[in-house]
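Input: structures, listed below.
Two complexes follow with subunit A in common, the first pairing it with subunit B and the second with subunit C.
Right, the complex of A and B next:
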């Protein structure tokens, strides 16, 4: 297969990848002109690993995962690149192939479990329905599987709770159910889009713990989207920092958190109030705003807000530079250091 | 110094079913206590943080102080006035010096009004029509760091951070003494979160504001609050100066909340979850100490006897039979405490 050909320099090198995004560029066609939501994005999800994608609102996180399961809105135009799942390009699949993929080999857990679950069907009905592909299995057997999966994600009395409706569960329980449903197909890849944003910290800690355990048991890979650096550090093996549609840095969590090599990553880490040792009433910020991407400014995408900006940054877009093995940064300064 | 706001033994309850249905169902007490036995003082010019999980009663307490929900028993005194049993006119007087910043700034701004109308609406409501509203709008926008041409914009034309600033401007319109901010930075990116908090701190310094901040973000409380209270099932389980509470959390619940905060350091991953389960239903309050169902260190006494508030140091109050004692000592502590390097 074409999987080994032309290894683009900006992805984590992995021999066995579940998902590989290569040079993906997506525009949104708007009355104002095309908005370049993603530009030459590359990332790899190695098998049995968890990859976190961090980015502020407007960074293209959602566009990226929508592309990974081909749920892009109608005005999205794929300008180039490929999304390889087990070596096959998702962007070139037929609707039939996609149906086989979604919900079975790639599952998704959304931010708000209440909108992901059908409010007028019991949990049991929904969990049986989702197994529609297993024609050989009786409904009773499917209910058994559903109950077992609920038990696995920590729902007490799973058999009785199958008859309950989504509103009869708390937010944390609903998210556990959404995770259970996503895992019913035993997917190779689980995409979790800010799965704990709507939850309390105590519940968040429990869900993160659960995801970690489930990943070990089910040997699936997770693509975890978040803007919470603490959660990324807690859960992920690799991290991809997305800024205004561009991957500015990626590498193992240890490398990126301990030796950030892009000024944006540094700024994000500094801004996290949980990382400030001394208490202060003057919290660090990143001055300025995310640039307009219709079209993006010339030069480095972060130049307008970068504290270390110099002339070259405003004219020349920095290439992806390897600062260490498996650690990429897209910055002229990083290029100077190696 | 006299306190700006005093809350004494406050109790707020909500009816769960009508009297007839309660009679038929044999429910003697068809109420839920959302806030129970809450007492605290808020000194002028300080910031007080209210922390707890969803359903802990922190927003209800804020709303009770605003006069948005009726008080069952206890007392709230704000600048010598009380929010209950008064005419609309007197009530407007009570509210004249306090303002609320709501959780979701875009949802709390009417989509059909311009920013100017939104931030000058308080003048109209309080009958201050004599003011030059254009000038007031310019002054308020300037105060929160927005350019004056924003006056003509509609809420959907604002980013999350800008909408938050409009929320601050609206709260500041009548030059209040007290601002109650419900999750002032929920849903914002970290960089923007810092901007909003810095703005609030600057305004406090310049205008002498007093803040009551309702949040579940402990990192924020640690940086900007002078004192804090942890709520659980409607009660204050621990209260005290922020630095003291963070240095030595004495209630197991406080400890659990601190331990649940994710720390952005891959070398400090938590292998276990200290606080499991979730808040029980208010309709079925556990016996004794209400936290005993989730407390890792609960003992027989906790199940039987309700702990009374006890003082454990200057300004510190606690409801626990077996407080965690300061460092390393008797506390059956986990291997590390968050926020301590």
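Right, the complex of A and C next:
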């Protein structure tokens, strides 16, 4: 790998990190050639905090979290980097170590609650089954724990509902059950992949509220994936802006939202319908589309769509620049501002 | 509130009926063909189970004086070329038919399930290898296989069961493989993996219950086919060795004297027809109950 001099370590300043992704590069092998889905991505999830990852479709959000729990598709190839969980590299773990990790130390909640539960098993069966590693517990004790967890996520009458099948619950209820299952092992890190995208707005607010409550009680960290900036602002402490497989900006939610230092972040904030000041016939968009990553164009990855583009952007990939303590942007203009 | 379940996955309320035994029987009884099938199948099972007590004579006892006796009160179905009572032989034969039918379909089902799950969930090379194997067995005429096996190992009930099981297995394995492929990419499998479930747990705890329904239906409809195949093998002399009273063998022995004493062939053929019809009707009734989508069109 070419030795590109990093101007600064690409991390949120934090000493105690639960998850740390360093220089992660992942290719997808396709008949057209390798697609460089992630290129030298770095992010840190500090203990007891919530980190949001924002990006449009195809920006590599799902690839990033799949790598974090190592459930990558078969055609993904890790080109380099590390995913450190409590200092241990997940990418170098044996299948056994991974299984011990998943569900107990890292758990995941998926996007679509309609398909995330086995349709032919009652939720009690599924929740008892996933506790298979607790050998000392009787089935009755496991059921108790499952019921308690359901109560905790706000399912009324949890003991009776253990015998119900997933189709007997509404979407919001199912997402609560999925969260309950993910929290059964009391994990240090919860990865939530757009957990509210498939739900309506009221449900969304309830789930976000629930996640915040649970985080307080269980003292876990959350890696929250979304394309909804409003949710990120509400739930997260830190935010990572992903564009076409690269982290273009990251920092605390306050810094990034109040002083966006990358033109892409600025454009995203302008485009958020929730932040529009007046009624308009046409919603603002970012012109152009995400570049082809097989291979990515030279220079800055956002150059083709950037309103502030100048000559240097097309030839030289901007290095990570610290615009403030813990606030990084990957833009030539940001470098000039500091 | 009910949401539409995936097309490929039987809905739980439908599966709940699977567990409810009496409910299923009541539903079968509502369909006249189903009732007929159930009656015939039950008759065969009972006859097979209690064959030792039901036979009026020893099915193997030779009585040369009474050979080729026509149907009478003493011998309701007549006697064969060695004077053996045909009713006794038919009753004893029902046990062989049952043993072959159930052992074979069970072996083929278990084997097909395990191999199909492995092919569907395992790595690509394993899938390719198993598919090649299934196709090779599938394209091989079972009579040829039976001939080869019986020449090598001699004919016995076990050999018949094994040969039929091996030749039926690929069809089940292919069905299981296809359903596994469609289920293994569902999000709940990914979710279970993300919560730390290993491959064995995923396969048997999560994928198997999702695909077992269609398999059971196909297997139940294959029982009559297996009975016929066994009779066919025995007719050709490749099946259960004499003097065991297999229906196919009764047919074979009667075949030589069909012009003089047609009742021998009738005694061998009638139970075969009734058993095949019974299990077919029962299988179809079960299929209609458990999987209305498979109901025959037009």
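Note that the second predicted complex is superposed on the first by the 329 of 338 C-alpha atoms of A that agree within 3 Å, B and C clash if a C-alpha of one lies under 4 Å from a C-alpha of the other, contacts with A are read in each partner's own complex, and residues count from 1 in each chain.
Convention: a residue touches a chain if its C-beta (ideal position, glycine included) is under 8 Å from a C-beta of that chain, and two chains touch if they have at least 3 such contacts.
Remember, predicted model here, so these are calculated numbers, not experimental data.
Student: Mind checking the superposed model to see whether subunit B and subunit C fit together on subunit A or clash?
Tutor: These partners fit in the superposed model.
Student: Tell me the contact category for A:170 with respect to subunit B and subunit C: first, second, both or neither.
Tutor: Touch partners of A:170: subunit B and subunit C.
Student: When the shared chain A is used to line up the two structures, what angle, as a multiple of 10 degrees, is there at the CA centre of subunit A toward subunit B and subunit C?
Tutor: Reported to the nearest 10, the angle reads 80 degrees.
Student: One more residue to check, A:116. First (subunit B), second (subunit C), both or neither?
Tutor: Only subunit C; A:116 stays clear of subunit B.
Student: Once chain A of both complexes is superposed, is A:93 in touch with subunit B (first), subunit C (second), both, or neither?
Tutor: A:93 contacts neither subunit B nor subunit C.
Student: Is A:101 touching the first partner subunit B, the second partner subunit C, both, or neither of them?
Tutor: Only subunit C is touched by A:101; subunit B is not.
Student: Under the stated touch criterion, which partner chain does A:78 make contact with: subunit B (first), subunit C (second), both, or neither?
Tutor: Neither partner.
Student: Tell me the contact category for A:282 with respect to subunit B and subunit C: first, second, both or neither.
Tutor: Once the two structures are laid over each other on A, A:282 reaches subunit B alone.
Student: By how many Å are the closest C-alpha atoms of subunit B and subunit C apart after the superposition?
Tutor: Checking C-alpha atoms only, subunit B sits 7 Å from subunit C at its nearest point.
Student: Check subunit A for residues that touch subunit B in one structure and subunit C in the other, and list them.
Tutor: 170-171
Student: Hey, which residues of subunit C end up touching subunit A in the complex?
Tutor: Those residues of subunit C that touch subunit A are 1-3, 5-6, 9-13, 15, 186-188, 190-198, 201, 205-206, 209-210.
Student: Please output the residues of subunit A touching subunit B within their complex, sorted ascending.
Tutor: 56-57, 170-173, 197, 200-206, 208-209, 227-234, 253-254, 257-258, 267-269, 271-277, 279-286, 289
Student: Which residues, counting only subunit A, touch subunit C once they are in their complex?
Tutor: Residues 69, 71, 95, 99-104, 107-108, 110-112, 114-122, 129-130, 132-133, 165-171, 178, 181-182, 184-185, 191.
Student: Along subunit B, where are the residues that touch subunit A in the complex?
Tutor: Contacts found on subunit B: 53-54, 159-160, 187, 189-195, 197-198, 201, 216, 218-220, 222-224, 242-243, 256-257, 259-270, 272-273, 275-276, 278, 339, 341.
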